[in-house]
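These are the structures, in structure tokens.
Paired with chain B in one complex and with chain C in the other, chain A is shared by the two complexes that follow.
On to the complex of A and B.
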């Protein structure tokens, strides 16, 4: 009886149930839903990166579209121009987006508040202009075609997993989402993560305890850039065509918006936000302008009335409900 | 057509320079003139932005969209209602001032005590709302506002300046002079400046800070509207036309120091010259990259900007 009680209250049960739903639902329903859920997973990965930076370290960056773009283009260019396979290009794109994050982070993190946000935005616009204008390298506005799908994985009993169907790509990207989710969970609960939270809550106080806030912020920025780069490379592999459009600065804004609606600084926020804000408009087949209009209005309403986001408000409510009988 | 004028104001995309090309004073002078007329536009936008930042702490990311609305107002007033272009300046200032009050009351007033990130995201949400509303309302196709003198160009010593560009320069001088007089000579203006310098101190002196903030927001949006009307005859009118000027004007505010009108004016001209000279001598495609590079360099050398308070 006690074990069942423990199992029921353990958060991991809920997460495993969620994973099971994510595994089964596309298999059963299939079709267009798989495409939507794949996009949701890619954005959820990018949101986890922004969540580390904004939700836990308190640094708002609206320029992470730059790292989405760097990851995607690094992956695509290395795979196409050098003819390397999926995995070498993928690893290289992760390293390159990490280096880019590190190099951009050093000057940007010297600034605070609005100044920091604007510099991240400026970098995103610069990167996007380069993607558009350096036609010999990036193919300009037409984009870059032919990014590879993952290499087939041979199984010990002779079968081979291929990544040609949408469903297999969905599972491939979901696999990365789960790994990055677990890594970010472990990170947040480590000493480094606690330092991030301390910086978010009071940077001066953290510094007064002898913690080097600059290097910690740089670590947070670089990790979030790497995660965004992974999302970009996965998108490139999924879509096989990379265009500057997929890294326009509005994409960076959208990631932040998904996170705020889902709940910044919560574990579930980066999953809930993209799921609701991408899946619902897609299923209703909204006109892009109307979608953007509603998106803006919903975002404003959330900031004014529910600043904790969906996940934040739900956990706040459940903790109040749970705490009442225990007090008796 | 208006496109002629634009070609003159905007240097060609790539200028083929051979090794034996000597430095041309006329070419340089032309880029300076282009920079100054473009700087006037940035000046109107940046001074509104810096007022909002200094008094409310709002980084109004939708400023470019308010400027776009100003241009559409000019288009509809002149082309649809056959009214005078000069009247459209007043109409745009009034409509956008009122719109500014509504935006302030509905969006920025409720979150005035929240963290700065919220203000930023709300401003971006406002950008999304205004841009998509404009797309739905006005349509995505390009509109041209053609005035009787749209083709006219003043030439002197090999350099040229479109008449509309001259109007922009003169009108900006008048508006900025009016703003300066308003802030320095009237009581309300003094209250505005006091609030920007020290919010708590202003409250203690009995200044109604919320009203001053609403007024500052309305002045900023009205200035954006005026800028939009002024540029309307010289460019393509599109729902997305505001983004480029917004980014430069924002950089100008940072270069000048947030909250300082003088700084915004100086920053606007510095960046406009950077833009016109780099697009003339290096590449028009990358001119925004140079503008941002100048801004980032400035921030690293002097993080509080030219005229900003020491951090």
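On to the complex of A and C.
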């Protein structure tokens, strides 16, 4: 009995149950749902990156579409032009997005508040223009075709896991989502995460405690750029075609919006936001224009009435319910 | 041997055309408790902000333990061993009391991203040490039973104690306290004065901004009086209290005032 009680109260039980659902549901229901959930996973990864930066460090970047694009193009270009395999290209794309994040972070983080947001936006637009205009490198508006799927993984008993079917790609991307989720969980709960949160809550006080807030913000920015780059590379591998569209600056705004709706500064927020905002409109077969309109209205309503987002409000309510008996 | 801890010489600060502090000289020797008094707007907090690097001084030099800190950034000044509290009690309101003090110690715990991601043994050990140290500091300021509370829910008095605990966590040799009893219930002031004296007895020099004259007179070794950014008096509490210009300044008249 005691162990059941412990299992019930452990936060990991809920996460494992969620993972189990994520593993089984597409297997059972299949079809179009797999495509939707794959896209949800890719956005969730990008949202985790933005969550570290915006939710926990308090720095709002609407330009992370640039790092999605840099990750995707770096992966695709290295694989196609240099003929390297999936893993070398993938690792290189991670390193390149990290370096890009670091180099952009240095000047951008000197600015604060709205000015920082504007610089990230400008950066995203510039990167997008480069993708369109540098036709010899990127293929211009037509994009790049032929980004590789992951290499088949041989199993010890002779079978081989291939990544040609949508379902196998879904599991592959889900695997990365889980890893990145655990990494962000560990980071947030470490002293590094406490430093980020301290900067978010009171940068002046944090600085007066002998903490170099600039370098910590740069670390947070770089990590979030790397995570966005991973999301971009995974998308490139999944879609096999890369176009400037997939890194338009509106994507960067969307990621932030998903996070706000899901709950910035919460663990579940980056998962809940994309799930609700991508899966539901897809399943209702909404016309894109109406979707955009509703999306805007929902975002405004959330910012006014539920600024903590879905996950934030739920945890707020449950903590109130839990603390109720003590107050009485 | 150099026995001076903090040495402010001829420091001025302009905000645009406004002279906030003017040609201030001040030294604080190890183990000393020096109070800065003066009417509102006389430049007391500005002086703290210039020393700690929040504002850059317009002229003059600041040395600490023989090292030039005039142009250091706030975090670098803290690393030299100068801790501070703020007039508007600055704490991390959303974090727990214990976490507040843990954050205060972060400059002494090298945090590495890799260690955090892989949750290595040395990282966990470091975290445990930090937590232990934080509890010691909390018991020093008598907040040990409130460690799991959210800082923003503490009483004003407890928040003042916590802000001092956070500053102590940086392991300063000089502590700048900006109105540690400001906005606190009269009955609770004595407890905070006791804490300030306790900090001093532990070997930390203190520079105090304070309005409550009774407190200043009782605990200070020396008192500096500012008016319109100028030092108008310096000496023992008794000397300064009976200084003609200080009395006038507190009655609203100031010889240092421009145009008078």
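List of remarks:
By definition in this document, the second predicted complex is superposed on the first by the 325 of 328 C-alpha atoms of A that agree within 3 Å, B and C clash if a C-alpha of one lies under 4 Å from a C-alpha of the other, contacts with A are read in each partner's own complex, and residues count from 1 in each chain.
Criterion: contacts are C-beta pairs under 8 Å (C-beta built on N, C-alpha and C of every residue); 3 or more make two chains touch, one makes a residue touch a chain.
Treat the numbers as computed from the prediction; the structure is a model and nothing was measured.
Looking at the shared chain after the overlay, A:62 reaches chain B, while chain C stays out of its contact range. Contacts of A:107 after superposition: chain B is touched, whereas chain C is not reached.
Touched residues of chain A were counted for both chain B and chain C, and B has more of them. Of the two partner chains placed by superposition, only chain C is touched by A:186; chain B is not. Legend: residue contacts after superposition of the two complexes on their common chain; A:129 is shown touching chain B, with no touch to chain C.
Of the two partner chains placed by superposition, only chain B is touched by A:299; chain C is not.
By the touch criterion defined above, A:39 lies against neither chain B nor chain C after alignment on the C-alpha atoms of chain A.
Of the two partner chains placed around the shared chain by superposition, chain C is the only one that A:207 touches, whereas chain B remains out of contact.
Looking at the shared chain after the overlay, A:198 reaches chain C, while chain B stays out of its contact range. Across the complex, chain A is touched by residues 52, 54, 73-75, 78-79, 84, 86, 90-95, 99, 102-104, 106-107, 109, 111-113, 115-119, 123, 126-127, 130, 166-167, 169-170 of chain C.
Remark: chain A residues 183, 186-187, 190-195, 197-198, 201-202, 204-213, 219, 223 touch chain C in the complex. Taken in their complex, chain A has these residues touching chain B: 54, 58, 60, 62, 107, 110-115, 117-119, 121-123, 125-126, 129-130, 132-133, 253, 256-257, 260, 289-290, 292-293, 295-297, 299-300, 303-304, 307. Within the complex formed with chain A, the residues of chain B that make contact are 53, 59, 107, 110-111, 114, 116-118, 120-122, 124-129, 131-133, 135-136, 247, 250-251, 254, 258, 283, 285-286, 288-289, 292-293, 295-296, 299-300, 303, 311.
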